[in-house]
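We call the chains A, B, C, D, E and F, going by the order they appear; numbering starts again at 1 in every chain.
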């Protein structure tokens, strides 16, 4: 299929990135290989969108550190970049809204991504895709690309898919919109239950053509929780995160027992917000 | 325990390194953290000793490529380096002999490691531990260090330990010497059978104080076989191997269907050599 | 996608059908649902092709009984029918040749399927797709359908896919042709290793777009071996096979200890035939 | 043991039968084979007793449809029939009461089973066991059979046995009566925990001679939930339910998203009823 | 069932008893409880029959030690005793012959069990059942007991049942005779495959009423191999074997590396004997 | 390491011992073998400290019976003895306090262990270690032993370690003190999650050098719950508990349905006591 007929895709990954690890970066590589192998898609960009501090997750360090680490991690990537819009919002932003924000950006062709957080405005910092469009003056929306607007798809691991069934963590309509209007590229480990999860949910089944399960045959289960645990115990995290990230963590002594206690006992933002609405439209998948 | 009373240890990893991956490098970090946490050891150096071409393993590319990739992988490591002695031998060298070679080197205090292979003698290549001794003047063997000679220990994964029971792959006396005179630091995944394997073998049980099982809680199962398979299929191996190694592989187009066919149908060197001896002293562990 | 652009598909299932069970019939239903759900295919026919007696499998009863039972089982199916060509051949016929035979039939548009075995020529027996074309005289080839020739694909269970790795059971070139020129629709049980099997084989991976793994979420593991075992022990097989088949088996007392002993000690035809060739081109997948 | 000394048994299966599947029918065949193989029992009849609508289970369609489907499913069975008494009761009826009802019927020898629901009184409908007694004239209670009254035993799957431990689902005394006065024939899949379940409960252990565990070696896990799910998704359920049932479902469009929502959010009848009593005699098994 | 109608049973356990452990003794207790709970049997005696030295199993110490240890282990048992007949035979004796020997003994009512090995003739040693009949002169057969001859049944673990499928370890006709003429009481651990093993073998299935599977819910997996291993390593075996046995082992220093080497490389007697016959009547179960 | 430099250790096991079993006794043997094999410890005594009746566990029979049974079980042990101090306290005593009690006893060198319950004061009963020091008069503290005070360590199974995560069962500071000031010797079965449990808890990880995981390769899972269950069902418990214990249970008819009902519905003492405190310092491990 010649490239003009292929659907252009932008991969968006949301999460704490607390800190970013080689596994997060692998998700992008696996997803791109998979989408290209279908012959129907062309992945033009990857976006890392760290969650804001209002997310209130236990051990979540301030966003600006997480942004910088993500920037350092993608410094040598020619196609994956970091976006700060979500992290700059005062309130926690639902994932579907982050998807919509980036889709609208693509639709209006406008690249005025006021996402570079102030703290990041260090001279000489090379910004990927956005840079080419970003000059000092606020950008007027550019004519949409002739070839149709690139589609934003949510890149995630099997744990995000399976978190759909955690009471009050997701609103029903958000899940439906994510799979109906955007689509999921879900990296799963061999034998994981992602397929079964989709089979058992009428909503996911209806939109299964928009849910791409990508098998990751090289188990690379580098969870941020275990990275923080290793750091607390003075253990090496080398080769689990990019060297620049490891040096930044060491220099700023980011993770210790005290940082792990942040937000202890505080209810996660989505659970708080959805708790109320849950009573009315409590409907399972 | 103050450092003077601690036993100095050199970690030696033997293998194909075809190619070297982040997992290989992690083994060194995990082993060093573990040995230091015991309070009894001080790890002064890590040595990567790629096997020679005479090993005849299926898909084994020429040693000089494997050496250079290992060098590139450890370029920014201040304590792990590559040794070429084993790879330069015409015949395949038993692991116990490689251990002995490095122990004798340490014992004679001689740092004249003629290990840097001709192909590697590029100007400006920084050599780790050996280098510091190697510059100012051609080294005459130094008086052995007062604090006792550092001990060489074999760093490996659980699969090497369990390969002890593969008929004809190891000579009985070699296994006994490895665990008795040198010792194993074996990185195992949670729930692996390494403990059971040691329990069921009288030889390994007798020397269990010299076999350190180190649990690797962050599953990072990046096997070279799967790296070669991904390369054959045009898939990204980024973040599974250091960037420099990935670029070198791409530049020299090292792994494809043709390279995977090397040594196809040829009996592995140890199996060939041990087959004959097996009949006499076929004794199980 | 409007039906004219869809690829017409004929599902061919080869096997002993000793006897045919509800599970065999389910495979066709699952495959058709799956292919239609892709929106790219239109399944126009299912063919059951029982293996000939020359296959020499242990407990294999004469083909004409197995043909009649398959006919009885598909009597009320409007799209699945039985073909006797393979069972009428004196020698065992490789699966790839059965695929080719049916593909050529479709290509020449000739519907002269001399497949109805003499014993089956009872008046009044409604024969599916073939009937409309079948008259006594040898058929002159009809104009090929405007929309391109329907594609024959091999319908099977995960056990057939995994039998590709049984030494001497399949010729390398046959496997390659089956997946390259025809394609597999493989019904697998949740968590089965079919995906892993394809991942670990370069040949299957290269043609993975032609291998459709269909998850069968309603475990229905009615193996013919267990049906024959139940019959030998005087147990009911009702609701495991269609009633007509159960009555036919009872009437002809088809399965007992004596029938299970047929071909005992005889080497399976493919193993016999491939054993010789294996030495030259023994190449793994 | 000659038949006169054998205990006559009637197998009663209670459940939603929403819809009836081949697996339900298999339970009867397996139980009869097992009981006859003991040499101590003679199974004279099987009764399917669909639960009433007052059971309030999610997705439970009206009883008369479920009755008709069960009738269609057993149309060609010479020994299994449908009983509507339970389904005609306004309130949900505990299983032990259904057992008692049928046992008393057998004890009084009276065959006046006013179980044929009005809707079922279609002319020409052949009623099994009851019919022979139910000839033109209304039956006065017959003298009990000389050979002792047939014993009613509850036929079920392992899930029913294990549901005994679900808080408030069963009353303690009901469980004791079921196993003490009637008995269970429980069809379990290999390796299921039914044996362990009985071992860990003093009540079940005391009456274990009355609990027959029958291993079903041909996994045939056709759950009604998965049948309804397939129907909602337009998938074929052919060969999972008898053809007559499949046609009836299609004709009356019985199962869809809307029917699956019936009783959503309503507490199951037994849980409601037992909740109060639970506090007093909450005793574990 | 009053005791006169119950079948009297003698439990015979064959094996190396190298050494005897608490688990062996538990097998007798579990079997007796099980047989009595059926209400159909009355276990009158348990016999431990250690295998002769001609069995040639690796690490098998001389029979007289194994006999004495078994005697010490059953010293305080009022119903389990040791029989030396098998151990005194020059050749290895098939299990079916040991069963026959004891059944004939019971049939002739003769209790002349010349089984007490010379070494055992210590004064004051209370010998169980046999003693009351034992005098020096060869015994004339006593009148058979009025109530019918007690039946000898083979008491074993699941491993013996599953060893039936080890090529050349058992003769087909021996297995058939054991299950047909004597019967098995097989102690299995929860979830073991014994049931599946019986299901998959026509011979065992035919005689399943004579194969009693007794679930041992208190996992007590004290294998003699692990006892010998612990002794070689100077570890305590206390509470795994009766104290008297442990003291005897310690006093005679029975198990060490040297004793474990006995019969190393020698083919097990049954494998030797059956190897030849296997070719003719190699018939699977 | 000569014995003078070795740390003397006293193994303390707390629990219901309801009743004591061979498995409890094995824990002591395994722990002693393990500690001696490290070459750093010398185990001088084992103490069994049955919990008091105030513990309120379901089925807990009066302490004096449990004490006597433990005494009978250790009658022939030269190093393990029973201590009644904990069982004589009116209130339930936290495990850390029992550890402190015994450590202080050892520290003051005073052996006035008023632990021998009245019922046990039978003449001629040899009391282990304590006896040599025990005379009627209240003991003045003896000069501490020259070689340093023996260390008390808590001997337990993996279930106790994993119970640390049961909400409200343990106070956080107690766990920290136990692992920091005393230490655990935890007997685990192969493949148990004890290692993972320690890895996932920062407190346990910090003190991991004080937590000895001892693999018990001879599965000997004799739980008191299953012993009581067997007794309730009239089954033999012979060879699972010492003979003297079994006879005592039989004589006093200790365990039946009625005794199993003791404390039914009563909240376990620790849960009651910790429930209140939990709200303030609810901190996870």
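One rule holds for everything that comes next: contacts are C-beta pairs under 8 Å (C-beta built on N, C-alpha and C of every residue); 3 or more make two chains touch, one makes a residue touch a chain.
Just so it is clear, the structure is predicted and the values come from calculations on it, not from any experiment.
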Going only through chains that touch each other, how many steps at minimum separate chain A from chain E? 2
Which is it for copies chain E and chain F: same residues on both faces, with over half shared, or different residues? same
Comparison of D-E and B-C (more C-beta pairs in contact): D-E
Which one of the chains is farthest from chain B, going by Cα centres? D
If I average the CA coordinates per chain, which chain comes out farthest from chain F? C
How big is the gap, in whole Å, between where the Cα atoms of chain C centre and where those of chain D centre? 38
Separation of mean Cα positions, chain D and chain B [Å, integer]: 65
Between chain D and chain F, the Cα-mean centres are separated in Å by 51
Show the residues in chain B shared as contacts by 2 or more other chains, in ascending order. 217
Quick one: label the inter-chain contact graph as line, ring, star, complete or other. other
Those chain pairs meeting the touch criterion are A-B, A-C, A-D, A-F, B-C, B-E, B-F, C-D, C-E, D-E, D-F, E-F
Complex contact set, residues of chain F against chain E: 22-23, 25-26, 29-30, 32-33, 76, 217-223, 226-227, 230, 234-236, 238-240, 242-243
Which residues of chain C touch chain A in their complex? 39, 190-191, 195-196, 199, 209, 215, 217
Residue numbers of chain B touching chain C in their complex, please. 229, 232-233, 257, 264
Quick one: which bits of chain C touch chain B in the complex? Just the residue numbers, please. 200, 202, 205, 283
